[in-house]
Each structure stands twice: as C-alpha cells, then as structure tokens.
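Chain naming follows the written order as A, B, C, D, E and F, and within any one chain the residues start at number 1.
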Amino acid sequence: MLENRDDKLILGLPKGSLEAATTALFAKAGYKIEISSRSLYPTINDPEIDCMLLRAQEMAMFVEEGMLDCGLTGFDWIQETGADVEEVCELVYGKVGRNPLRWVLAVPEDSDIKCAADLEGKRIATEAVGMTKRYLAANNVKNVRVDFSWGATEVKPPHFADAIVEITETGSSLRANRLKIIDTLCTTTTRFIANKKALENPFKAAKIRRIAMLLKAVLNAEGKVGLMLNVQEKDLDNILQKLPALQRPTVSPLSEKGWFALNTIVDEAVVRELIPQLKELNATGIVEFPLNKLVD
Amino acid sequence: MLENRDDKLILGLPKGSLEAATTALFAKAGYKIEISSRSLYPTINDPEIDCMLLRAQEMAMFVEEGMLDCGLTGFDWIQETGADVEEVCELVYGKVGRNPLRWVLAVPEDSDIKCAADLEGKRIATEAVGMTKRYLAANNVKNVRVDFSWGATEVKPPHFADAIVEITETGSSLRANRLKIIDTLCTTTTRFIANKKALENPFKAAKIRRIAMLLKAVLNAEGKVGLMLNVQEKDLDNILQKLPALQRPTVSPLSEKGWFALNTIVDEAVVRELIPQLKELNATGIVEFPLNKLVD
Amino acid sequence: MLENRDDKLILGLPKGSLEAATTALFAKAGYKIEISSRSLYPTINDPEIDCMLLRAQEMAMFVEEGMLDCGLTGFDWIQETGADVEEVCELVYGKVGRNPLRWVLAVPEDSDIKCAADLEGKRIATEAVGMTKRYLAANNVKNVRVDFSWGATEVKPPHFADAIVEITETGSSLRANRLKIIDTLCTTTTRFIANKKALENPFKAAKIRRIAMLLKAVLNAEGKVGLMLNVQEKDLDNILQKLPALQRPTVSPLSEKGWFALNTIVDEAVVRELIPQLKELNATGIVEFPLNKLVD
Amino acid sequence: MLENRDDKLILGLPKGSLEAATTALFAKAGYKIEISSRSLYPTINDPEIDCMLLRAQEMAMFVEEGMLDCGLTGFDWIQETGADVEEVCELVYGKVGRNPLRWVLAVPEDSDIKCAADLEGKRIATEAVGMTKRYLAANNVKNVRVDFSWGATEVKPPHFADAIVEITETGSSLRANRLKIIDTLCTTTTRFIANKKALENPFKAAKIRRIAMLLKAVLNAEGKVGLMLNVQEKDLDNILQKLPALQRPTVSPLSEKGWFALNTIVDEAVVRELIPQLKELNATGIVEFPLNKLVD
Amino acid sequence: MLENRDDKLILGLPKGSLEAATTALFAKAGYKIEISSRSLYPTINDPEIDCMLLRAQEMAMFVEEGMLDCGLTGFDWIQETGADVEEVCELVYGKVGRNPLRWVLAVPEDSDIKCAADLEGKRIATEAVGMTKRYLAANNVKNVRVDFSWGATEVKPPHFADAIVEITETGSSLRANRLKIIDTLCTTTTRFIANKKALENPFKAAKIRRIAMLLKAVLNAEGKVGLMLNVQEKDLDNILQKLPALQRPTVSPLSEKGWFALNTIVDEAVVRELIPQLKELNATGIVEFPLNKLVD
Amino acid sequence: MLENRDDKLILGLPKGSLEAATTALFAKAGYKIEISSRSLYPTINDPEIDCMLLRAQEMAMFVEEGMLDCGLTGFDWIQETGADVEEVCELVYGKVGRNPLRWVLAVPEDSDIKCAADLEGKRIATEAVGMTKRYLAANNVKNVRVDFSWGATEVKPPHFADAIVEITETGSSLRANRLKIIDTLCTTTTRFIANKKALENPFKAAKIRRIAMLLKAVLNAEGKVGLMLNVQEKDLDNILQKLPALQRPTVSPLSEKGWFALNTIVDEAVVRELIPQLKELNATGIVEFPLNKLVD
C-alpha cells in the first residue's frame, strides 16, 4: 500500500505506548490521523502524505534505507541501531508527562554492586544489548554476560540476572521490585528523523521542515498560556516590568477611560507564582486562556 | 414523561452512533445534556426543553406528527420516510470526522455488474429499501428483488445477495469484504428538523431558531482558530494583505513602540501553510488559540 | 512516606467518586497530579507538597489532628465528624455537574410518613448516623432507630427500613426505587480545609492560600467564556451598554477604519441569549473562546 | 465463501443474543464452532458443514429459498415471515435460562386499555408488525395504527404509542418502565429448521437428522444428573421403588459383601427432594455426577 | 418486595466479593439464582424462597431481628455485631480458594511493636473496631486509640496509624505495603445462619436444613473426584487395600473374563500421588471423573 | 524469591498467550496456580514447587543453565535457541484449539516468489531469524537479507519485506493481509522440558515425571468421554463388537432382569457417529459423561 514517489512523503509513526500521544500531537498541528484497529496504515488528512505504524525499534533502520522518508522514534533506538539518518528536531513529549526517559543500570536493593566496575563476572538482562555493551566497554569492564530480555526485565534479578539495564520514567516500577538505580546510561527523548536522500528532494524537504515547525509549535504552546489583565495607567509600568519577557505584551485601551488591557504569553509554570504578584500590583480581571500553537 | 405544551419544546436526539457527538455539540452550544444508561429521557439544563433519545430512523415521522417539536436525524431517513417536516438547518458533524456519509451501490470485486442497468434480475440487500427502489425506478431497472437486511449487509454478497446498498464513510469496511462501489445513491448529513405547526407557535419557533444558530456557531468554530502575531509597522500592510479575508483583523499597539499585535480568525486548514509565510514576512510571536463558537 | 516538616505541605485528596474531577481541577490550576493504580501517594509537580489519597469521610479528622496540613472533603463529613478545622474556601465542583449534593429524608411513594414528626417509632437506614440523629433531635422526634447502612441504602425500604437518609444529586436513583423525598437535611459542597496550627506557619499558610486562590480561579473560569466581536463606531455605545458588567470590555481599533473589536468575559449561561441580541445590534464576527482561569 | 453443493451442508446460526449459547450447545454436541470477531463465517470441526452467522429475523427466508440448507431461529420469526420450511425439532434453550420467551401486549400501568377490544383507534409500536396485525384481525379490532419500532419499544408509551407488542422473558424490563401485560400473542422457542428440498437429498437429510439428535441429547442431559449410592441388600427394594423411573438403575456389588452400588439418572430438579429421602432409607455415599448427553 | 410469611423463606445473600462464588455454589446445589445489575432482589428457581443481596456486615443483625429468616455471612461479622443467631453450618468457600481468611495485627516491617503489649499508647486503624477492642482487652492493653478505617487500611501505617487490624488471605497485599503480621485475632469462614424463631416454624426449619445439606454436599464434592480403573483378579486385593477408605469401591466384571472395574471416590488432593501407585500395581484404563455433590 | 535447592523444584510457566490455558491445564492435573496481576511469581498448591512466569522465548535457555529445573515452551523456541535440554514430553494444547502451530514462509498473493529458490536477493522479515537462516541454508539459497521483526510482521510485505516467516494456526491473519503460504518451515507444539542435571537428582526427577504423567492424563481425557448404555442380553455381543476398542467396557446387571449396563470410554469425535448406530442396535438410555483424566 506504500509506494516510493517523488511527490509523496512516507511517514513512520511509532506503534505502541506513544501511539495515542503522537496522534494527539499531530492533531494539534493540523494533521488528523485516524488509526483503525484493523490496519497499520492510518489515514491522514493530507493527500501528500502516506503513514505507517511501526515499532520504534525498527523505525531508524527503515528511514536509513529509504523505505520511509521520515519518522518518529526515540534517541535510544537511533543509537542502538546505529542508523545513519538526519535528526530533524527533538520532540519532548510522552505518554503521560513531558520528561525524558532514562535507561538505567539497576541492581537489587541489597546487592554489593555499587558501580560499573563491580559488574565483572556478572550477568545483565536488558532489551538494549548494544547500548549495554558500549557502556561496559566505555567503563572498561570485561567478562560480563549480557542477555537479551524478552520482557519483564525488572523481575529478573536476583535469580535470572545480577543487574538490569532498563528504561524508566519515574523509577517507581524499579522501586516496587526492590531494585535501586546505580547509574544512567542514556537519557532519551523522541526525535523526528529523515532519510538523507529524501532531504535532497525539495518537495520532501519542504514538507518535512513544515511538519517539524508545526509539531514544535504545538509542543512550544503546551507549557504556555495566554494572560489578559486590566490595569490602570499609573500601574502600567510596574506591571510591564513584572511580566516575563517571553513575548512583548499587547497594550489596548479599555472602554473605561484610564484603563488598559494587557495581553501576553507566559510559561504556565510561573502562573501560579505570577498571579498573586499581579494582584498586589492592582491588576484586575486576570484571565488565563489556552493556546494551540506558539511559533517563536 | 413528555407532554405537549405551548410553552415547552420537545426535542428528539438521535440514539446510537451519533449520541456522544450530539451531546458534545450541544454542550459546546451551552446546553448540558446528561444521558443516563437507565433512561431514554436525558436531562437538559434548560427548563423549557424536554428531550428524548430515539433512533434516527423514526425521528422524522414523530416530528411530522407533532409528537416531537423538533429533532436531529439524517437527510437519508427524511427521504426514506418521506416525512413532511421543515428542515431548519444542515449540521455537518459525525462520529469521527466531518465528512458526509454516502449510501452506495456495491458489488463483489469480481462481479460482472458494472452499473445500475446490470442489476436486472438480481437481488439487492439493504437497510434502505425505499431509497433503493426509487434509485432503480429512476434508472428504469425492473425485475430486481430488494431484501430488507437486518444487519451485516456487507457480508451478504455473493451468496445472499448480488449487490448491496449500504452506508459508508471511508469505504474501508466494503474493501475489507472485497466489495467495490459502483454508484452513489445519496450523500447524507445530519439535519435539524421541525414540525411545521410548531414553527407557527412564536415561543417554539424562536427557541428552535436559537438552537439552530448556536449549533451552527459551534460547528462554524470547529474548523477555525484564532491567530495572534506581532508585526513591525513597516511589515503591517504586507501581512494584512496575506491574511485570509475571513474576518477583519484587530490591530493593537504593543507596549514596545513601533510594534503592533494582529488578532484574527482563520481556517485551521490553512494554518499549516500560513504560518511559514507569516514568518517569512517577519511576523514574530505567532500564537494560535482555540475558539468555542463563531457567528458570522 | 509522609513526614511532618515545617517546609513541606501535606495535602489530602479525596479518593473515590471525586478523584478524577479533583486531579482535573488541580491540573487546570497548574498542579499536575499523577495517580498510580498501585499507590495511594500520588506525585505532584511541586516539590514542596506531599499528597495522599484518603476517603472523604476520614479527611477532616486527619486534618484536625495535623497528620494532614490541608485537604479536600465534603461539608457533610466535616459536620458529621465534628472536626475542628479551618475552612479555607468552598469549591463547587462534582463528578458530573456543578450542583451541590443534598442529604435527604426519603420514604416509599405510598408511605404514610409525610414529615419528620411521623418518624416516631420508625426505623431509618443511613450512612450518616450523626447527621440523622441531630436532625431528629432538632425536630424533637424520639424513639427512632437509626441503623448504619453499609451500602445500597435506597433498596432498604420498606422491608429493612421505614425511611432512609441518603445523598442525592438529581433524585433519579431514589425515584427508580419508588421513593419520594420528604425533607432535606443538609446541602453539601466540597471544602478546602486546613489544620489550624498549620495556618500559623507562614510557609504553609501562604501555600494554602495560593492553592485556594488558583483552584477558585479555575472554577471561576469554568462557567465563563471570552467573547470577541467587531462593531462599527456608531453601534459601540449601544453594544457596550448591552454587555454584562462582569469585566470592562477592551476596545481595539480594527485594520479597517471606523471599526472596533470588543473583547470581554461573560457568563457562559447568558451567551445563548446574548449572541442573538448582539447580532441585532449589528455586531459581526462574534467569536467565543475558552478560559482557563479567572481571578476577580 | 458459501457454495451450494450436494455433499456439503450450509447451516445458519443466529447472530446476536443467542450466539454464545448456540456455540456452547453445539460444542456439547461435539461440534466446535469458532467465531472470529472479524468474520461472519465461523469455522466448524466438520468438513462437511459450512456455517454462517445471520440475524434470527432473516434465517427462515434464506432457508426457504435454499441459500441455507438449515438453520436455527425462533418460532416467532418463522411465523412472522410466513416462510415455508420444515421444522426439524424444537430446542428450548436461551441466553440465561430455559424458559420460552413471550410476545406480549403491554400498556401503561394506569392505562384504560384492558383487552384487545380497547385498542380501537389506538397506536401500537412493535418490532413484529405482522404478528400484531394478525392478532388484531383475530380479535376483530380495526382502526389500529401499528408502527414498526426500530428499538427501545418499551419506553414508547404513553407519548409515542398507546400500547406495545414486545418480547419478554421475565417481564422485568416492562415493569421497570411501568407497563403491565394484558395479553400474550405468542410463546416462542428456538427451532431447528430445514429447507424442504434439502431433506430430499439423502446426504443432507441424514446430516440434519444427526445434528438434531445430538442437540436434543445435550439439552436432554442438561436438566439431568447421574446419581450413585451404596445400599445394603435389605434396603435395596425400598430404594429401587423410590427412585424415579427415568432409567432402569444399574445394580453392582461392592467390594464389601452384602452391599450394592446403584447408578441411575434423575431429573436435577428432584435431587434436592430425593437425597434426603434416600438418606432416610439408609443409602450412604450418595454421589451426584454431571452428564453431557442423554439419548432416550 | 419482601414479606414475612409462614410459608415462604427469606434468604439473605452476601453482596460483593462473595457474590459470584455464592451463586455458583447454590447453582450446584440445584438453586438457580439470577442477579440483575439493576436490582438487589435476585430471582431463585424455588417459589418458596425470596432472596435479597445484602452486605455481609449487616446480615447477622437482619437475621437476628427476623427481617431475614436465614442468610450467609462471615464468622467475623457475627462476632463483630454480637448478633444472637443460630449457626446452621459452616461453609468453607471463597472468592478464589478454599482457605479461611484471617484478621491479623500488622505493623511496618521496621516497627518496634512485636506483640500486643507494645501497642500501649499507639494508634490502630481497622474496619473491625469491636474485634480489635476485645483483643486489646483480652491482652490487657490500655490506652490504645482504635480508629474506624473507611478503606485502604494497609497504606495507613506508619503516618496515619502505628498498626492495623486487617483481613487477609495470603498476606501478599500486606507484604507489598511492607507490613509484617505479628498476631492473628480471628480466623473466619462463611456461616449459614438462621433466625431462632424461624427454626421453630416446621416449614422454615425443614427448608433451612435441606439447603444446608445440599450446600454441604456440593462443597464436600468439590475436593473429591470419581476414579474408575480396570484390574485383573490377581491384583484386586492389593489394589483394594491401596485405595483410601473414603467410600467402599464398586467392583464390576468387565466384558473380558478375569477383569474387573473398580469405581470409587477419592480426595482430589491424593490423586496425584495415587495414580502412579495404581499403575505400579498393574491397574489400567485409569479414568478420573468429576462429581457434583457428595452426601456422606 | 527463587532459590536453587535439592528439595524444591523450580518450574517455568509461559507468560502470554498460553498463560490461561496453562493454568487451566495444571488445575485439571491437580495443581492450583494463582497468578496475581502484580507479580510474576504465581503461587502453587504444592510446597515443593516454586513457579515463575517467563516468556516462551527465554524458557529453554534458563532451563539449560539450571536457573529453572523445568518449564513449558514451544518446540520452535527450543530449536531457535539451540538449548541443550531434556524434552520430557510433548503437550498438544493451545489458546483455542488443539492444533499444532506452523512457522510458514508467506509472500504477497501476487508475488513471483513460488519457492525457497526464488528468495535469492530478497528480504525476509521474521521473529525467528535463526530458523529462517537454517531454512535458507538447507535450501542452498544465498544473498537473502533476514531482518528481525519487532512485531506486525504480516503487514510488512510488500513494502518493508518481500517475504515473511511467521507463526500461524489457521492462516486467517495471513489471508486477511493478502499473503499466501508457500512453504512450512516448522510445525511446533508445546514441550515440557527439564534441565539435564536436575534429572539426576532423584527427588526432582520423580517430581518432573509425575507432573508429566498428570498433564498427559488430562490432555488424554480431553478428547474422550464416558458412555453408559443399557442393553438386553440378546444384543450384548453385537454392541460390544461395535464399541471402539479404546478400553474394555464394564458390563453390569441392571435391576431389571435380562438387562445390562455397559460403561466405556470413547473418543468424543466418534460419539456423533456412534450414538445413532447404538440406537439402531437397540441400546437405550445412552448417557455421555465428562472425564477429568485418563491414564492409559
């Protein structure tokens, strides 16, 4: 159902845990992707794009070889496969939060292993065999057995492994299995990657850049909100100084003489500190509103 | 539980596949409808309205006879039942997307039937018997048996039917059953219909018109977004010319001299083309924000 | 996992029916709370706060005794437990709507009991034994047996109880069991409560006040929307008079001479009446947009 | 996928509420039917049978016309469609219990309609239009409007209908909608039906008779259990007289002299009365065991 | 819907975790109970019995007062409520297994509390306040605060409680919360209880005794299986000696001369040891079959 | 939680698609295994066994190395990993049916690839890289690229692969993706495997043999049923000749003179042919009953 053509972009979308978050992200960027439970070829409301759902682990390889023009996958799997692809941009988003994920070295709470050097002669279970071996080599540790783990890695120690290398967001699943983290091998986020040849085709390059810009605009807007407030002329300068310099605020006269409306964009994270300060500076009618996209 | 009164509007809501989309639409229009799994009489936050959930197939008949003052149903079923009702407005919304649905004539991929004329002496299964018979008459085809299908129409060919007339959005269920579409009998969208007598009652007529206006305002806003951007005086004219003429943009001075904020409403579909162009014309701080309603 | 410290706030969140609505409310206020199905200690994106999920029934007691610095619970359970806590603010929100809940006295449809006095010698089943006994005392009714009901209170009459005291939002579950309401004992909404000692600690007091302000700002915004409209100079005064006085509207010149944009905040409830009036006064391009927070 | 051949039987299975019960019944008869959620052509472990899932409403017509050789459907739909088919046997089984279903005439609890004659000039909603009209004719009632109901028939009265004709097992759904039953139009059970021509083909006729025999053997066994008990020679006659005459009991000597084991088949319904009686007659080691099939 | 009559038995069934296991148990005893999700009055296939679903906690009280003639509840709640009822029989069955549940005293893994005496001055959270207080009194411990816990008792320590008294089957939920068990207050199983007056009515007493006998026969059969084996005359005595003495085995001649069939009932638990032994003693054709009921 | 000891058996159970079928199989063999959703260490009702859930892919390696004493996995994965383990017995059971699974070579319906030789220069996607390479070597095909597929292998052709090697039961998923099977690489069933050293330990060897015998007895019984019938003396010989020779039938006198009961075990598959024949030979009261285990 896919066909390599000069006037069509083939886009790989990550199947699995990021699936819903990815379609939500594209939707906000203006691309409606519909995934049917019966097909791995989602439809997209842009006739110049064909999509396919693929596991993040195999995305980079297919992009490198040109079966896909571009795709989304994790930095970890780009590294693990060593694929030669162009990284168009980083996209920090996830199933739940907005935190990067980490591949960590973890051992039982009561293990004697304290650092990489202690792994000599031990056995590690992991889904990321290459990354683990590179880590051991970099730390000059030899005689370590690294087993590919087909799943449930965090329950393998202590019987089936002395240590594991596993991906984690908050560490809570490791703690629940009475494991402790002793090192971080790799911090990983999602990347939008492209085939190098595809970027030499002007049509494809332009399309890839546009998608990247819009996805970034959406993520950029997610931590931001609009803020509108009413101030009297006498307080205007004080308040303008207080507002974060993210955007220059709009100043508009109100229907009531001597009053102005300020309209600006701020980090959502500072709102809970900023609003009380604005109230102290006599701002009234403080309104926060949501944004869809923000292009710097 | 329903009672015909001059000072109360009885509104029929479509039960089934459009149920959730309909209550979401009304919610955005300001009407909160709560459907209990135990009752077909939803509550609505307007004491002047009584609601009932009914199948789309029987809505038009009950509106024609005045048991309902107004209701939502498909154009197809208005036609199928031949009910004499007033069509207040068209509302293009659906379970997933915003595309009209189509009733199509479909046959097995390897069938010899290529057009209506080839149906002579054949057997058609369909839920829309009337529509199918009118189509055959219009095409001057006789000797066709039309069976009412109680469900699963798309698996009836080739054993139980030579062709089917079935509703489809994307055609994917037909393709999965190895059927091909050879003609379209009817394109259908949702309609807000009213009883003709009810429209002679000023209270009911006003209420029906108001609901129609608000529902249209919501659907109108759905494909639109607000856009705010900052421009320098020198670029103002170029950018104003570029902006689609949907609404006249607001121009407001920024706190920094020589800069202006533009605020306008555009089609969401053009945003992904428009933003790159605006950036080239030196616009900065481009922010897109969502709308609830838009009344032209 | 919790520890009483002077520089950390311990916050109790209501487990159960209000759980999802509460995290949604905090999210809008800028606090991301993640509840894992495996733990009653949610994470929150503020390192100065520790949270715990507890049943609303036991919240007030734990706040009174200082195991929690603050928490959310119903007015009914504060009363029922008689806990000595500070009520920081009322927060009217619920699982579905925005209506207060009521504890009512209900009896079978065909019961002879018409008022509190008729309860003499009868038997009441309820989850709120204290509230029921205070009600009986206030009505000077004696010789009533009040049974604690472990659940399914509304099916107890007539065999297991003559009357019940039960919480209800719409009364529909009572009606379905053929019970009628004969009195209301208590109308209840959610309260944000704090330990009195904690409020003497300046760090905790400031934090509690800030959370209260932000939660109220979110609820405040929920029934409101932003409204933008374009008007000609000649209609400006008429329209300004028509707009509700909730906020002073912003008046900004449009790019087209003689036209102005008005921007204001109104109650969502009046929008469905207001928009038709504004259209009659020649307003064009009426746009409604959503708000996140509103601080008066 | 189906093909009419002399050496293959085409069997129609009822899709919907009886689906799971039907495959369970066939499984006990030795036919493993696997239904995939993606296909209406179940597989069956008999290469001489092809199956298809179809709605009970259309089964009889397709059997009459020979598209199916045989199938299972309700007596009601055979009557309603007037199809000319051979009824091979009655199979009393259902979604839950083993009771026949009834089509009843029901009216609001407070309706004045007491019998068929009172329907004059009224309006009836029903899914079984033909059955209702035949009932009215048989009762010599004219001027009744009979509307085909597309669903939720039991909530139609009093506003959308004065009475309904609806199928019910226990009447509880009718009672919940405050309707009362005033007459029964038809008592219905499942029937195994066959095409008349197919029964002239010896291969098909033999196969149909065998399926019927095995299905009946399963249903026959369902209300029965095996009973084993130990008795002393002196009590043998008394106990043999007490045992129901369903089957002649087996009498076998025990390893202990003077003792015998009795083995028999009895109605499960009598077991709860029979066992206490057997104990009084000195039976020991009474064991009840399950049966799969019972061929009289 | 319930009514006290001399010729009808009112039976209380435990709502909640034991619900499905209870109806399965009654079904095997010959009583088909159908529970509708909309009603707490299940139907039962015995016109002389009316049932109601009630929480185990309130069963004993309602039986004591005669609102129920009999019911099933836990030994723990009979003790906790101190209800004066007749215990007809013990029924050891549960949601999963066949093990009694235990109410235990548990403390954090690293707590200093080692026994009841260490609870002096501490705080206990529990759903079983009465049982806990009686335990403390019996151990002569004073100055302990016992809080009624509304749920999630096992996460209360160490912040909200120093110790808990909680029900457990395997202790796994306690271990997952890093608690250790230091004492057992009560071992509890299900009991079939009856009102003392009801047992003076011959009709009710007989019915209650019969239900008890049949329920016990089902539970009795659950851990047992039937065993059939073929032996030659020469091995008969050896094998008869080996067979457990639960029942006297039946000895029947086979169609082949010199061979006998043995038929007996054994504990399922010994089958996995017994079968290899029987094979060594030359038994052939060893068949195990299931039982429904076993009356000793 | 696992510990290698001489008096304890460590048993690996396959996690995933066979999980439920495996615990059902062990339950029938007398071993109750309880799997908690929170733990991969199920409990088993034999204190001499410890269990762990592991993916079938890694079972053989862990058994080979002695971390597990024994376990259940597929023949395919034993081959794929080349693990040196003892195969105790074959156990033919599955998620749904009782058919072996096959690893097949499949290509698009319209592909030119007809046999292994045509794969030269092509690309294969598969989860079983080793098996595929061995197959290619055996067929003397070179220059084939074999990609490890992380999932959804059947949608890879034609764009991401020219052919696939995939596991299938009925081929329906392949057909739905318009692929055709052109060769079978391996037919696979479940095997109960053991570590070679463990089999030298008499305790472990005996336990492993016993488990194997019981599991086989259960599977052996699954396709069989017991059959009881009554015959008159004159028909006895005819009927005994007709009965399949699986087991020698038991012949017992009935209470009625001149009648005998026959009791035997037959293949369920022949019952639907056998019963009609028995009836023709005057057998009456034919009863079929279920078996739990059958040891030949």
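Here is the rule we go by: a contact is a pair of C-beta atoms (placed from the backbone, for glycine too) under 8 Å apart; a residue touches a chain by one contact, two chains touch by 3 or more.
Model, not experiment: these values are computed from the prediction.
Note on connectivity: the fewest chain-to-chain touch steps from chain A to chain D number 2.
Path length between chain B and chain E in the chain contact graph, taken as the least number of steps between touching chains: 2. Comparing the contact residues of chain E and chain F by number shows a mostly separate set, under half of all numbers used being common to the two copies.
The greatest centre-to-centre gap from chain A, using C-alpha centroids, is found for D. Counted by C-beta pairs in contact, the busier of D-E and A-F is D-E.
Centre-to-centre spacing of chain A and chain C amounts to 35 Å, using the average Cα coordinate of each chain.
Separation between the centroids of chain B and chain D, computed from CA atoms only, is 43 Å.
As a whole-number value, the distance joining the C-alpha centres of chain B and chain F reads 52 Å. Looking at chain C, residues 38-39, 252, 289-290 sit in touch with two or more other chains. Interfaces, counted as pairs of touching chains, are A-B, A-C, A-F, B-C, B-D, C-E, D-E, D-F, E-F. Only residues 96-97, 170, 172, 176, 225, 228, 230, 252-256, 259, 261, 268-269, 271-272, 275-276, 279, 284-290 of chain F touch chain D when the two sit together in their complex.
Listed in rising order, the residues of chain C touching chain A in the complex are 29-32, 34, 36, 38-39, 43, 210, 213-214, 217, 221, 226, 240, 247-252, 262-263, 265, 289-296. Of all the residues in chain D, the ones that touch chain B in their complex are 1-3, 15, 39-41, 52-55, 57-58, 61-62, 67, 147, 149-152, 155, 159-160.
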